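Here it is, the structure, as structure tokens.
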Amino acid sequence: APLHLSVAASMTNAVEELVALYQQQHPDSPIRPNFASSGALAKQIAQGAPADLFISANPRWMQYLLDEELIAPETVTIVAGNRLVVVGEGAPLTALSDLAPLSRIAIASPKSAPAGRYAQQALEAAGIWKTLVSRMVMAKDVRQALAYTDRGEVAAAFVYKTDALLATQAKIILDVPQSLYPPVQYPMALTLRGARRPEGVAFYAFLQSAAAQEVLARCGFSAAATP
Amino acid sequence: MKLDVDLEKRFGSFHWSAGFSVEGERVGVFGPSGSGKSTLMHMLAGLLKPDSGSIYLDGEPLFDVGRRVNLSPQKRRIGVVFQQAHLFPHLGVERNLLFGYNRLPKEERKVDPAALVPVLGLEPLMGRSVTTLSGGERQRVALGRTLLSSPRLILMDEPLTGLDAERKYQIIPYLKKVFAEFGIPLLFISHSLNEMRLMTEQVLELTQGKLSAQISADALALRRMGSTPDGFTNLMELRAPQVNDGLASCRWGEQEVILSGVNDPTAGMYALSSKDITLFKRHPEATSARNLFRCKVVRLFAAGRRTGVELDCQGQRLVSQVVADAARDLELVAGGDVVAVIKASAFRRLY
Amino acid sequence: MKLDVDLEKRFGSFHWSAGFSVEGERVGVFGPSGSGKSTLMHMLAGLLKPDSGSIYLDGEPLFDVGRRVNLSPQKRRIGVVFQQAHLFPHLGVERNLLFGYNRLPKEERKVDPAALVPVLGLEPLMGRSVTTLSGGERQRVALGRTLLSSPRLILMDEPLTGLDAERKYQIIPYLKKVFAEFGIPLLFISHSLNEMRLMTEQVLELTQGKLSAQISADALALRRMGSTPDGFTNLMELRAPQVNDGLASCRWGEQEVILSGVNDPTAGMYALSSKDITLFKRHPEATSARNLFRCKVVRLFAAGRRTGVELDCQGQRLVSQVVADAARDLELVAGGDVVAVIKASAFRRLY
Amino acid sequence: MFEFSPSDWQAMLLSLQVALSATALSLPFGFFAAYLLVFTRLPGKALFDGIVNLPLVLPPVVVGYLLLLLLGNRGPLGGWLSAMGIQIIFTWKAAVIASMVVGFPLLVRSIRLGMESIDEKLIQAASTLGAPWYDTLMTVILPLSGRALLAGATLMFARSLGEFGATIIIAGNIPGVTQTIPLAIYDYTSTPGGDRMALGLCAVSVTLALAVLLFNEGVINRIRKRGER
Amino acid sequence: MFEFSPSDWQAMLLSLQVALSATALSLPFGFFAAYLLVFTRLPGKALFDGIVNLPLVLPPVVVGYLLLLLLGNRGPLGGWLSAMGIQIIFTWKAAVIASMVVGFPLLVRSIRLGMESIDEKLIQAASTLGAPWYDTLMTVILPLSGRALLAGATLMFARSLGEFGATIIIAGNIPGVTQTIPLAIYDYTSTPGGDRMALGLCAVSVTLALAVLLFNEGVINRIRKRGER
């Protein structure tokens, strides 16, 4: 049976590359990645959808599956990290407070997307959330916030560094200081079913290998910081 | 057929409420527009639910509020020719005709399509779609469709309107033959007294949802003589036609009738209006009229402003009409003698 | 009205191809089912596009392939009473009736709804929805709707079917009065020779999409004298009506005519069929016929198998018909004397 | 049963407002488009039909992006509008437009079906009675399409209540401003443990739609009763 | 113009397969549901109508979640099916089911409109000619709903081609297995420079739908020509 991966959509690009790489070495062990939002993936797994390995963009959905007792707890690890940046079309900024004069700023909806929550935390830490909140445009996810900037609908957007690489017009104008928000982490784990399968364990190990980490880094992910 | 009906139905201001019991194979329903003829037909066929009452056909309940019987239309097996044709637009002429026929077990198929089609003049239409038929063509297909479904009773709502006289008088004897041959009883709605008299034995007359008379078609025609300019139509069965010198003669009972204006005289049913019979006290000498019959006056009756004169011409019955003055001048009395003069051109062939 | 038509239209196997030019206020279209009557009507009204040809009404082109003219139906202002009523189901009886009327500028409204409604017997229907009307009721509403739109020409496709005789003979004179009064010309389709004779002066006869005859009512009557029982219609202008003892008398030229069957005799045009004139060599004694005229024979002419007899009754012209035998018996020759006998009930009021 | 937050209540109100506006605004356009498709012989009819149906085929998200291209500040229409001082994007108007575009094919198809079943003879009768085409359109075709219009409007309304993909792109998911019920549901389902509230909002949505549906049936039944025979 | 990858071709094929299967499978159910709603007097008709229309009102993602609850291995139906060895979730069958459920209200409404415009007199005529209700259903109502069925099927097909929200939840987004065109478009938008390819897939989707639409129009025109007068 093929190996089923459930991968957060923000890693689509990187995981496709990793799968291709892995298949070169193991052509006889087919892999089926499934890309969707972390929440959708978690609920699919919770309802018994076939999945051997879960990469979440959000530790809370990993926790949800742990609570449902569908994850092999000992396999939970951080596979990659990410950084929050501000993209825009203007000149580079020096601090978050430079955002104050901008007309509209997009963030992913803090309720549904972790990136939005991190952005909110950063702005709160910087003490300017209250002044900006009325000019905030909440997007569905980071990708959409980025699209707004690209089209010039907003002056700036909070996105992940990996997503900023997809931009065609907008450029990174500020690296949000890591001190203002918790580290962005992509937890990975084998499901109970995946943990029983040697192919699963092998691919899990491959993702933590240096070769894999190199691919992730090329796609803009930061190294997996230990939790 | 024995039909026992006693029904109530209210539509806004219209109130159908009538009961009757008829026995006979060919029953007519007559009445002015809006008197409830189609309503009766729909209730009989099971297409309209009466408010209360009952319908019994040959003793079998089709509908009875008291006994909670209400057979579905297809269980009643009552064929209907609607006032409008209501053909199936997605089927061709042929499949419309055979719709009911094909649903019958073989042994219950009484009417043969091959025999019916030429009578209705449908041959040239057989491959056609029904959506492009002319008004009369539609009506004929609808008639054929119902006949071919061999129902146990046929209801016809003005089936012959829109047909030219020639076609109409070709269809009527065929219909009568079919009905007689296969014992299919008929309930016939029409505004034409002539059609009514040709097709039916008994007539139910409706007025505003009530039964106002249940009489023979002839009696009805006599009663209505005064109110139409057409007079009463005498129906004469003529036999043994002969042609002499461009003039046809036929036997009518014991007598000979000379008629013209009929290209190819055949035995059959002829119509003669009461207006076309002139009465003389004595035999007139030379006249252009070809037919002179010595008759006895059976009775006189009022017909509007005119007087109807029922005559006995050596066993044959004839109805004439005269103005009141003339009745006096001719000293017409029941039992008296009189000469009826009829022009050869006054006869109209029906079939 | 002057109508010049020359059209071609093909539908599968049916091929309409006829040209004619008529002048007259009341034109009939006659022909068997499927002969193309409704097709002609639809082309005239602009509802069906002919393949080629032209239609000119009073010299104005309504359609002309050569000149690329094809007026839209509402520009033609030709009113149509369809074979089926085609009422607007979402409008009540009243709003159906007034649909065209309300769209007319005030000065072009010729027919008064208040006068029309009682004639058509529509008073009890005024508040009703049209979806529940009976067949005859629908037909009457459709007729009223078209009349009230005061078109410059009215086409009627069997408008009187489904009406009882009483209503029909009440409507016909009203229609004719309206048409005459407001100068609305009429093209009238019917299968009923009776209706046709009452409503029209001239008839176009169609056979399978071709014009087989175009004759004035007079000529048609003369032609049919030999082959139909209907005879020739004498048109008689009667004046100064008087009523005595339920019998009306009128002046006809120098003479007096007694007529019955006319409820309320008025001066006007009356019809008398040639068949209703019986000729006698000498004055007959007592007869039920009320009118005896001494005439001179003007000429004799062949009419099919019969002989037409043109008479001069003290300056008035009359045409009678006799069978060949009778002409011999009566020793009829041009210039000879003869007595014409006519029943009082033989006269039909036209208008 | 459910304790809705103030922003949930706002979402419900907004959804209702958006769905009603989108339906009301689309009806005349939908009616006219259906008329063009059924009764006229335009040369580019097939193309027009295709364009009308486009939003049906594309995932709503794609429709949203295309609308963003058109109505964004740098888009051809959006630029002109913003020069006139009219802001569409990120306002509730954008949500209305998204619903209109996405529901339009459904509306048009409903009305078309109704129009196609109108007896041509009635239209002919109207024209012989002297009604020009626009008169016939308003006094015969419009009332006789009534049931289909109603069905189309209901469809449109229901579809608007559920519209998510295009709305979130051109209107954004701004609580209290552009957050309609589906967007609020999305926020809830993206949070572990938010399912209960999401379900609550679903129930509200369904209730609203059912109410409109029953109203529709009621009106149709009344129409039908009028025509009973 | 566009150089599609093998998985893109697979997505197109799969989309076609899913849309066709969903349409074909829904037609009989849709026809029957419409029949029940139009011609019968069930007691729970309004409720039934509501349930049929439910998927229209809810955002497709919610419909997807509800289907997941029902058909997942832990769901009531899914558990039973998986005990029988039938796997629905994460297979193309799930995509078909998602499309069927989401498009069903559109289909039923189309057919209903068609059925409601059938002249009742024809059904009466059929019954007086001896046809029982099921016979009338198949030989009169079915053919006379033909145009509406076709319109409904087209609607369903088009909607299936664009279906994203419910599909990604119960079928997953697995390239080559359950990835239909909308899901592939979604993936492309997560890839640097993927917009062009996304546009290409949109174009394919639109072309497919337009082809079906034109086919539909063609058939309808032929039906209409037959009935011309």
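Chains here go by letter, A, B, C, D and E, matching the order in which they are written, and residues are numbered from 1 within each.
Following the convention adopted for this analysis, a contact is a pair of C-beta atoms (placed from the backbone, for glycine too) under 8 Å apart; a residue touches a chain by one contact, two chains touch by 3 or more.
Values in this document were obtained by computation on a predicted structure and should not be read as measured data.
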Quiz prompt | Most extensive contact between chains (C-beta pair count) | solution = B-C
Quiz item: Fitting the CA atoms of chain B to chain C, what rotation angle results, rounded to the nearest 5 degrees?
Solution: 180
Self-check item: Most widely separated chain from chain E, with each centre as the mean of CA atoms
Solution: C
Exercise. Please work out the Cα centroid separation of chain B and chain E, and write it as a whole number of Å.
Key: 56
Quiz item: So what's the Cα centroid distance for chain A and chain B, whole Å?
Solution: 90
Self-check item: Distance between chain centroids, defined by C-alpha means - chain A, chain D (Å)
Solution: 35
Quiz prompt | Junction residues of chain A - those touching two or more other chains | solution = 43
Self-check item: Contacts with 2+ other chains: residues of chain E
Solution: 61, 65, 186, 229
Quiz item: Of all the residues in chain C, which ones touch at least 2 other chains?
Solution: 84, 132
Quiz item: For this entry, which pairs of chains touch?
Solution: A-D, A-E, B-C, B-E, C-D, D-E
Self-check item: Residue ranges of chain E touching chain D (in the complex, touch as defined)
Solution: 46, 49-50, 53-54, 56-62, 65, 105-106, 109-110, 112-114, 116-117, 120, 147-148, 151, 155, 158-159, 161-165, 182, 185-186, 198, 202, 205-206, 208-210, 213-214, 217, 220, 229
Quiz item: In the complex formed with chain B, which residues of chain C make contact?
Solution: 11-13, 31-34, 37-38, 83-84, 121, 124, 128, 132, 134-137, 140, 157-158, 161-167, 169, 191-194, 226-229, 231, 245-247, 258, 260-261, 263, 275-276, 278-282, 284-290, 304-306, 320-327, 329-330, 341, 343-346, 348
Quiz item: In the complex formed with chain D, which residues of chain A make contact?
Solution: 37, 39, 42-43, 60-61, 63-64, 104, 106, 109, 111-113, 136-140, 144, 147, 151-153
Self-check item: Complex contacts: residues of chain C adjacent to chain D
Solution: 45-47, 72-74, 77-80, 82, 84, 86, 88-91, 99-100, 103-104, 129, 131-132, 145-146, 149, 151
Quiz item: What residues of chain D sit close enough to touch chain C in their complex?
Solution: 119, 121-122, 124-132, 135, 139-140, 143-144, 146, 226-229
